[in-house]
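Two complexes come next, and they have one chain in common, subunit A, joined by subunit B in the first and subunit C in the second.
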Partner chain A sequence: MAGSTAADPICTDEPLLRLESLKVYFRAARGLVRAVDGVSVALERGRTLGIVGESGSGKSVLARSVLRLLPERSTIQTGGRILFDGQDLCRLSESELRRIRGRRIAMVFQDPMTSLNPVIPIGRQIAQVLKYHLGMAPKAASARALDLLASVGVPSPRQRLEEFPHQLSGGMRQRVMIALALACDPELLIADEPTTALDVTVQAQILDLLHRQQNERGMTLILISHDLGVVAKLADRIAVMYAGRIVEQASAEALFGDMRMPYTAALFRSIPKLANPSHTRLEAIDGRPPDLAGELRGCRFAPRCRFAGDRCRDEEPPLGRKPPDHEYACWHPMHLTARGGNA
Partner chain B sequence: MPDMIENQPHTVEPILRVERLVKQYAVRRRTVHAVSDVSFDVMPGETLGLVGESGCGKSTVGRAILQLPPPTSGRVVFEGHNLCGLTGQALRAIRPRLQMVFQDPISSLNPRRHIADIVAAPLTLSFGIAPAERDRLVREMLEAVGLEAKTVWSMHPHELSGGQCQRVSLARALILKPRLIVCDEAVSSLDVSVQAQILNLLEDMKARFDLSLLFIAHDLAVVKNISDRIAVMYLGKLCEIAPSDELYAGPRHPYTKALLSSIPSPDPKAKGSTDPAIEGDLPSPFHPPSGCRFRTRCPRAQPLCTQQEPPMRVLAQDHFTACHFPLEAS
Partner chain C sequence: MSADVLEGLEAIARTEARRRRRSIVDFMLLWAPIAWLVLVVGAAALADWLPLPSPNDQDLADILATPGSVHLFGGDSLGRDVLARTIFALRISLVAGVGAVAIGLVVGGLVGTLAGYFGGRVESVAMGAMDIVLAFPPLVLAIAITSGAGPALLKVILAIGVLFVPAFARIARANTLVFGNKEFVLAAHAMGMRHSRIILSEILPNLVPPLLVYSLLMVAVAIVAEASLSFLGLSVPPPAPSLGSMIAAEQRNVLDAPFVVFFPAAVLFLTVLTLNMAGEQVSRRLQVREQLL
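The block that comes next holds the complex of A and B.
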């Protein structure tokens, strides 16, 4: 479904977004934090990439680094390239980037309250974006703001135009955030945990909205979540992050059908499944992710991995590949060594 | 349905009986109907799950049971005693046996105190206890919840992870050997991996200390995993109570069904359906709809639903539903 619609835009060979060995570090009191440590991923036009991982694995830093929305003073990008439609965003000046941010690439955050202006009515906030990026006249911008609010399913949009963010429910605010992000018809939308703060019922509404908007606009989507269930629903391709790295990535079908990296499998198994009877013992992952400011040797998952051997602790595992495009970083990938079921 | 032998009258008394619980708040001369006439039992050794959308009144029920604050009306009978109307002294005498664990693991612990003192705090409230005995109990509880007592003894909450803080909260709740713990979103802010650790821990503690749980959460898969029975709330009222497996396999209330269809499944085969199961927002708790409170969003609503409140009826053994037009049994 996602991506398989007839209305797919022309698939050029060049992906819309390509990250090459991206490294984003922070200077912090506790040392150098390697939040994103060598991430490579490519995303074709009109497709959806899901990124999952435990909190602190670097998902948000990765997302924000694409738009350079990180604190300038403490952030160091030590390597890699961010190629968007062929140009390296890292080489752009701030003013060049401003023409892309919000216009060609837009972002939706977990907590809409922090990214909406609390003292400006929401209608005016949307109109401002339209004026800034598209140079729309005030009248046209207001009319477009109204259309946008209606299209994201805000009831009685005309009245809502005049309301302030705090007057809206969490789900409504997230809809407004999405309307704002969609205002300039971006080619790429990055949604960082867009439903984490919401109820299941509202979450389902927002995921449906994202999906429909993507199909209508032929937009490319990056959906970030710690919930494999949310990602499974929309993503064509899924990348699993652990301690600043992508440890496995594949098409959604390939990933769920044949998990290679023990961390992916462990993450999946630790989720309570509705299909299981009550009181089914959960397979928890003991311990917690490593401190990204400390020394990281070998496989970063080794201290928690049931299958870790000496080599895992000393040497970084190479990237394994299963055609056509399933990648995993593990010395002892599952399945190949017949370690029992994957799911 | 199981055989008839199961069909004997309940001889065991519930450990907790909530009867016609009502909680209203006055907000700027208007009334919030947070909880309206809610009744249920928790049996000894049982985990009862309480689910529903944000704002439906789950936490209010949990807090009203502990009289924090007391309900507007109704009875909360714990081990045979009605807690409503009890004064400070009498309530404090019950407190050791009835505990609560909250959602936000870090902020629910006093930031300036050592972990050992946090866990020991309930002891000092109830009676004089020798320091050596106190330390022994604290050590036992910390180890029971899977923390190394020696390591965390003098640490402060901010030095621990969310999962570890939740273990500390649990150790603190367990130290007085309670019979019932109300867990309000106790695993909701944790990562799936840590959440699984804490859910397993709760099951272990339940068996080891012979506990009953009222487990409040909005994640339906989590609730199903830990609960024997589940109660579904909507806008201050109960819609349905049934054994967990039965509720999920065959919901009879339209709201329960809608809630269940909203769950995203980590199974790509279920990927096709992104249609949201419930449209629209929760009505205002200032003016709940007449009759059935779900009628404004219910696909089965009829004129009767506007006129009359549906009573709670038993539709199968242990399966209660408040709906004029319940779904067929599956």
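The block that comes next holds the complex of A and C.
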């Protein structure tokens, strides 16, 4: 639907963010953990990329590695590039990165209970960022903090400025987190499971808020979730991650219309549906993701896949491409719809 | 039926009375120590202006004088007023206690916070240095420092302060590790803040409660340490009064005039006890607040 607005050739030619075969490994006691193992994605300005996968699939590591937030001592980044607006973030110095963090790329974290400083009033936390990045005077900064709180739908924002995080509900705190992230008008917002810690009604409100802010600011958004349903609401493009790799990637319509990878289908089936009669057995995916520190052979999903054959267990499937831009890594892709395609 | 009602009313009255009694106990547990500490600090601070005889004035007629209206705490073996000496000694005790804790808090807090925040080599060097200080026999270290040149009180403060640094460093490091892993620190990092800013404005405010409670307790420990050093003759030289040296000097007269030792010892005991009680109360109150977070 949003496709027609992106006809501008500059936008289509140069994505705002492009990850090229990014690999992030951790040195751990039990060996080398390949948390992100060769991920390539591109994201155009103003669009939304949804990244979906189970816990431990490497989504958060991927998100944090974009801002180079991972602990330097235990992280090895082998190869790969992170191109943000044409510059490789991996080559920037710490001080150059600080000018991008928070100002051009901002992040919202999963747990609003712990992502605000418990001993500082929220108004001061927002004003601090404005003073730091934009060099605002204290008065102007607190006025702007007030505007921001109002714009993310915090009721009676003037009182809230003086309040501490523990005086706010989870949903309110997440709104404050979003206000904090939006403070410097970033070009890219990375929301790492922004609704996971919230209850369902609040989830919808937060997603609405993200969507509205994105439209108002023309912001680019990366939305990370384990819930395909959450991502489906906002994303233009969806990447499904499994065990450190992207296993399927397509525009939202193409993905939901024509799922190829059995893992995506299994994730989709595991969303509880309201239309089902009550006491319907919930569809879970049996087993657990592989240990990323171990030897990985063949398709990483094979042990849990009901279609897996011998080839799946021995040989890793390459990321195949079906026109126009639907990618998936599977030896036995599925055909959920009647649309033509070769296996 | 009316008997039931009466019984119920009585039960309510009983629980009410119990609650009132408990709240009085709570009240006293907090305010009695504070009252004593205010009295002690006030007396020590205002000692020069209080209507007291000079602590060093000797009077042959008052040698081991019994406590009375002239000498409230009696007189010592040189005929000096024990009350005046106790109050001036408290001054030394409190200055030594607060000073030593200040050194421990500032140096130890800084070392521990940096170690906990940066980890790796910074941590192993910093905490290794702390282990060396800890492994040093404390008394030997204190004697080494106090035998150097310089004003006695300053040396005592330095000696006790150095001994306190490792403990403060460990507490600061442990709490920094806890808060450093919270998402708000990661969020501050993601907002492009410098390490120095993250430490100062994100982590440090969270270290205040645990370090405050520990400081109160350590003031008590430092006062005892100063008294012990002065008992051994390592603190301020005579005739300046110090609680430890007063007790040490009058040991021989304990059977003839127990009050000469009793009063300074009692004041020392009460001050240390009330400091511990106040620390306990403060930590309890902060814990309640933390549960709200």
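Everything that follows uses one rule, which is that the second predicted complex is superposed on the first by the 319 of 343 C-alpha atoms of A that agree within 3 Å, B and C clash if a C-alpha of one lies under 4 Å from a C-alpha of the other, contacts with A are read in each partner's own complex, and residues count from 1 in each chain.
Keep this in mind: a contact is a pair of C-beta atoms (placed from the backbone, for glycine too) under 8 Å apart; a residue touches a chain by one contact, two chains touch by 3 or more.
What you are looking at is a predicted structure, and each value in this text was computed from that prediction instead of being measured.
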Assess the superposed three-chain arrangement around subunit A: do subunit B and subunit C clash, or do they fit? fit
Is A:Met177 in contact with subunit B, with subunit C, with both, or with neither (first, second, both, neither)? second
Using the superposition on chain A described above, determine whether A:Gln203 touches subunit B (first), subunit C (second), both, or neither. first
For A:Ser21, using the defined touch cut-off, is the partner it touches subunit B, subunit C, both, or neither? Pick first, second, both or neither. neither
In the overlay, answer first, second, both or neither for which of subunit B and subunit C A:Met107 touches. second
Between subunit B and subunit C, which makes contact with more of the residues in subunit A? B
Touched partner set for A:Leu116, first subunit B, second subunit C, both or neither: second
Minimum distance between Cα atoms of subunit B and subunit C in the superposition (Å): 12
Would you mind writing out the residues of subunit B in touch with subunit A in their complex? 53-54, 161, 163, 191-197, 199-200, 203, 218-222, 224-228, 244-245, 248, 258-268, 270-272, 274-282
Under the definition above, what is the set of subunit A residues touching subunit B in their complex? 1-2, 54-55, 155, 169-172, 199-205, 207-208, 211, 226-230, 232-234, 252-253, 256, 266-268, 270-274, 276-286, 288
Within the complex, subunit C is touched by subunit A residues 64, 67, 69, 73, 97-103, 106-107, 109-111, 114-120, 128-129, 132-133, 165-166, 177, 180
Partner subunit A, residues of subunit C touching it in the complex: 119-120, 182-184, 186-194, 197, 201-202, 205-206, 208, 292-293
